[in-house]
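One structure follows; several queries about it will come next.
The letters A, B, C and D name the chains in turn, as written, and every chain counts its residues from 1.
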Amino acid sequence: MINIDLGATAISVLTLFGIYALMSISLNLEYGVAGVPNFGQALFVSIGAYVAGVTYTRLLPLLAGMESVHPCGPTMGQALQLRSEIMATQPVAGFINLALTLVIAAILSGAVGFAVSYVTLRLKEEWFLALVLLVGGETVRIVVRGADDLICSHNGISSVAQPFYFLDDVQMSSILFMLLALALALIAYLYSQRLTHSPYGRMLKGLRENEEVTRGLGKGISLARAQIMLIGSAIAAIGGVLFALNTGFVNTNDYVVTLTLDVWVMVVLGGIGNNRGALLGAALIAIMDRVTQVAAIALNMSGSPIEFNYVRFIAFGIILLLMLRYRPAGLLPESRLTTIAHETAKRLTPGKTI
Amino acid sequence: MIKKLVSISLLLVMLSLLGAGIQAQDDIETYVLGIPLPFTGSFGSFGQDFERGILLAVSQMNAELEAAGSNIRFDTASADTEQTPEGAARALQTIAQTTGAQVVVGPLTTDEVLGAKQFADENGIVIVAMASSGPAASIPGDNIYRVIYPPDTFSSKAFATIALERGHENMVVLHVDDPFGNGMNEQFIANFQAGGGGEVASFGYAPQSTELSTEAAAVSAALAGFGDNAGFFCVCFPGAAQAFVQVAQVDPILTTVQWMGNEAMTTLEMLEDPGHAQTLINANFVTVSQSAASTPLTPIFNADFVAMFDKEPGIFTNYAFDAANIAMLTMLAAGNDGAAVKSMLPFISNHYIGTTVQAYLDDNGDQAIASYGIRKVSDDGTAFEVIGSYNGNTDTITYN
Amino acid sequence: MITVDHLTAGYGKLEILQDLSLAFAAEQFSAVLGPNGSGKSTLMKAIMGLNTIFSGSITLRTRELIGMQTEAISKLGIAYVPQRENIFTELSVLENLQLGVRILPRDQRENALNELFELFPILGRRKPQKAGQLSGGEHRMLAIAIAWLSRPTIMLLDEPSAGLAPAIATDVFNILKELSQQGITLIVVEQNARRILQHCDYAFVLREGRLMFDGSAQACLEDEETIKGYLGVH
Amino acid sequence: MPSSLLVTSLVNTIQIGSLYALMALGLTLTFSVIKLPNFAHAEYVTAGAYAALIISLAGVLNPLIIIAVAFLVGALTAVVSHLIVFKPLERQNVSLYTLILASFAVGLIIRYILFTIADYFNIFDLRIAIPLQILFRTGSLILTNLFAWVAPTSIVLVILLTLLINRTALGREMRALANNTILARVIGIPVERVKNYTWLLVGGMAGVAGALWGLQSAVSPLMGWAAIISVFAAAILGGLSSFPGTILGAYVVAFSENTIMLFLNFSYGVDLAYKPAIPFIIIIAVLLIRPQGLTQLLKRAGELGR
């Protein structure tokens, strides 16, 4: 019997949209603006999640004076109880925890992104970076999976509760968390809009169109790209923190290639190079996920013999292919290159019939 | 503009789906049982099979309710966890927000159970998990009940006892490198050595492995290194187990030692290849499995399952069947209300006897009765047959 | 023979040739001249269907070429020697040549190759070598040879003498003359205007994608304004 | 590390390496001729394996027929995915990343179609059960008829493919297309036809690899997907362009996953579960340090040999 709770559904879908939006805005900056093919999105998201896994289980108890906190060991229950008490009685402590988590995640992931962008310079072909990042993400995952203490290896770490969890009213706490996700996504969106439309963003976009020029220009460009990677990775990690808080559980099995692909699909669906497109893509994926799940439930209940859960993936693949074929620029195509970018590209290729 | 687009499309979709829901008759009250399981991914076939077990339980229950003139009926809503923790959370959210389900049977693995935990706890939804046995989810006071399948602390002890009884001085363990495999391995080693056993060499294999020749070579070499009186214990999922036996059946060492294996290895597919079956017979392969502990209801369940789905139930399918029955009985008593179900479920469960054993829950909401069957391959190599039982609560083995 | 009519073409979103109209006559040796970026190479690629056409038409006799696949255009008897990347560097010289004759009927291939080695004796000696290891001059000969082997009626050559030592460039021009005498319609893009104008029959001068001059080679040579203004002094 | 283990692991290296070579050559061919890093390649392997499994369950146990059917089904899957998806996209001049994404989507679709089939017939984790015979036995070394099917079949196919590429007109045209696509079009090579043949070969070889994989292991909808990174590592060791380099790369990957992994396990206690990380590390190291792969190395060895 289908009986949809519209309010709760809207809250969950919008929360998911906010989290996805952070990821897609990040990738759009990296690939859409700077042309860096980041197929390691799951890696940067996971950095945020792992940081949340660590800080949310250790920070407050340590600050409160617990001598050693080992979340995978016997003192875990004690630490978590202490944390919960602090959060419930002193809301400020919860926010400090959240703020610190976001900052640490952003810095750590940004640093990795900055370093990675320099790897490009060493690669023979640009698309190799895609492969290095794809594979690098999996390697990190395997290493974290084997690391005993960080997030309790393959067991994962639970009770990474979202920051408003301790309010008595569940609905209120989930609304607040949704607002937090949307607010952070909005900030990221406004910031990346400003960045994209700055002369600097336009230059990068212009250069993205012409690879030979980019190579010729050397250092200045690689620094600019590295900066975009830093910002993009930081935003992805913030998305990762929220992703972890939303589930309340951090486990390496969530940060697999599929997550990266989902983010790519968001950007491609929305429109590469267009921040509004990234938002639209995130919204579509968040909605599509829910709609297909609901459709599967409805079909199942109506006694349909088809295994819709397989069909769901086949349909997803077909929709993606149709988009790539018939709307290759996405639903909201990037506006034509601005004059400045065009001029830059022209000026840099004097007399050359590209 | 985007926001508008989002909210409008959301609304449209919801409204159109709402239409489908208004067909329920007024005098009949329907309770929805959620089924969040991995239908895709490498455990997809398990998920499908479990779902069938639950559907069987629901259809039987509805028939009984109708016959008794009750106005309550059960319906199911399944969603795919995609075999990830976050996917499990999303599946649970969807089920709860789409159907108002207060109780779900599933998810499958401990990862997924923990992924769904926060949403369940916050929203008062009761998770009745049938096969998760990892210690990480043994948490008192939460909304997770792991009925039927006891934590691996018991079965690992059984395996250790058998190994010691067989006179193994040393053991080699091959285990899947996930919470289940690692947990089983660690507890097995502790129990084996506490009982006077010697050294144990363990090898983990990556969960996605489809080919285990490297692992088989390592196991064989380690066994050779231990010399006589060493035994082998495989904690493997069916696909990997097939791949392993395929290589091991011609290995000069592995074909001369005695084997034990976890429950997932005792699927009928394992015996489809006569060479594999013979290998397991020669190796004196035994398993300690909850599913073998049958009650008079077990054969009835098997027959009903075949009648409904025209295929044999899988190795764990009756756990799902029992878990679904416990969930439904509790809902009949407590109503369609998460909080009431949560408080009442241990009581109902403690008074339930199904196709496996009684489901008596401990303080963590986990199955506390550990009554296993010990099984081996029948002499003709076509089936697994029960040769004894293990009582985990008294730590005693009885052979037939 | 080839008529270009109101052609606007370029790359991606970039328009390089602007509303260009001109015609190459049959069995004539035509040169296309102009400064860097004037659209000479773009014109050749447009004929071969290798870039973006925004509007206009290109016809071979009466046949419309726009919209045809490059492979099909080459089957009509048009051979094109790009300025760079005009041989298969990873294949042997012989294999390069075998690819050149593949379009001919089976029984004529052997003959064509033998004839070729008379025209380009040096390539005969380099047969087993990897084409990427050839010297600049040999490389250019091979590129022309591959195109010639398909027995084309029209050959498009993009800067065949660029970057070669003067003596070798002379060899190249001699070969062009030889090809022209065989009755092949030649369309050659050249930087070295004075030099080519001594060999060719007809000249077109492009600048910024537009036609600035067309007339006989003689007329072009005498037109000092064109020479100085558009071609630079050589 | 015990010497018997060394021998076993080397036999495994030959066996697995030959299978990797079959798959990786196809990947290299797709990349150089079609210019596509095709992540759907994994699914041609799985499709071939399921075709083989289904006919073996239907009672056909002659390995030659099984292999032929797997070839056909793999080839069909590849050609269809080319005609329906990749060819139209190439026509539109989309970016490389769009093509990569499309190849993931194609992989997803084929994978879940196979899931649907496997679920319908309930054929998960089954082996292609041709009866096993022991052919040769000495000490710890045992060679079975499966080894005799898997390794030689792969090696023969690899040799045939190499001959086809180096000695035939079609092979010459494929290499021409790989070397310089524009010139190939310009001199009138029927590019589309050559591409169709390339896809046919690539898919067929992958399908056969799947069938052989299913002979010695178990068939599941995820088997190809699980092996794809190792296969990519092999192709990347070949610089994604050299056939001898790719074959060597396949054996290097198999050697690392078997012999080196076991050595690390026995000598330094590195858990076998880290095995999937080996191809990852190879890929990252090669791309960062020696993007040309083993090609230069092979060339130098060739020059020394002269």
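Going forward, contacts are C-beta pairs under 8 Å (C-beta built on N, C-alpha and C of every residue); 3 or more make two chains touch, one makes a residue touch a chain.
Small disclaimer: the values here were computed from a predicted structure and weren't measured.
> Looking only at C-beta pairs in contact, point me to the busier pair out of B-D and C-D.
So, comparing the two chain pairs, more contacts are at B-D.
> Can you name the chain that lies farthest from chain D, using the mean of each chain's Cα atoms as its centre?
C
> How many Å are there between the centre of chain A and the centre of chain C, using C-alpha atoms for each centre?
That pair's centroid distance is 52 Å.
> What is the distance, in whole Å, between the centres of chain B and chain D, each centre taken as the mean of its C-alpha atoms?
Chain centres of chain B and chain D, defined by C-alpha means, are spaced 35 Å apart.
> Quick one: chain C and chain D, Cα centre-to-centre, how many Å?
Here the centre of chain D sits 42 Å away from the centre of chain C.
> Quick one: report the Å distance separating chain A from chain B, using the average Cα coordinate of each chain.
33
> In chain A, what residues contact two or more other chains?
As it turns out, chain A has residues touching two or more other chains at 307, 310, 313.
> What positions in chain C touch 2 or more of the other chains?
Residue numbers touching two or more other chains: none in chain C.
> For chain D, give me the residues that contact two or more of the other chains.
112, 115, 119, 271, 273-274, 276
> How about chain A: which of its residues touch chain D in the complex?
Going by the criterion above, the answer is residues 31, 37, 39, 119, 122-125, 127-128, 130-132, 135-136, 138-139, 142-143, 146, 261, 264-265, 268, 307, 310-311, 313-314, 316-318, 320-321, 324-325, 328.
> Enumerate the contact residues on chain A facing chain B in the complex.
Per the touch definition, chain A meets chain B at residues 1-6, 8-10, 12-14, 16-17, 152-156, 158, 161-162, 165, 170, 173-174, 243, 246-249, 251, 253-254, 256, 258, 276, 279-280, 283, 287, 289-291, 293-298, 300-302, 307, 309-310, 312-313.
> Where on chain B is chain A touching in the complex?
1-2, 5-7, 9-11, 13-14, 17-18, 20-21, 24, 30, 32, 39-40, 48, 75-80, 82-87, 89-91, 93-100, 110-111, 114-115, 117-119, 122-123, 134, 136, 139, 177-179, 182
> Contact residues on chain D for chain A in the complex?
Going through chain D, the ones touching chain A are 37, 85, 88-89, 92, 94, 96-98, 100-102, 104-106, 108-109, 111-113, 115-116, 119, 229, 232, 236, 271, 273-274, 276-277, 280-281, 283-284, 287-288, 291-292.
> Touching residues of chain D toward chain B in the complex: what are they?
The contact residues of chain D facing chain B are 1-2, 4-5, 8-9, 12, 15-16, 112, 115, 118-119, 122, 124-127, 129, 131-132, 134, 139-140, 142, 144, 213, 216-218, 220-223, 226-227, 257-258, 261-262, 265-266, 271-276.
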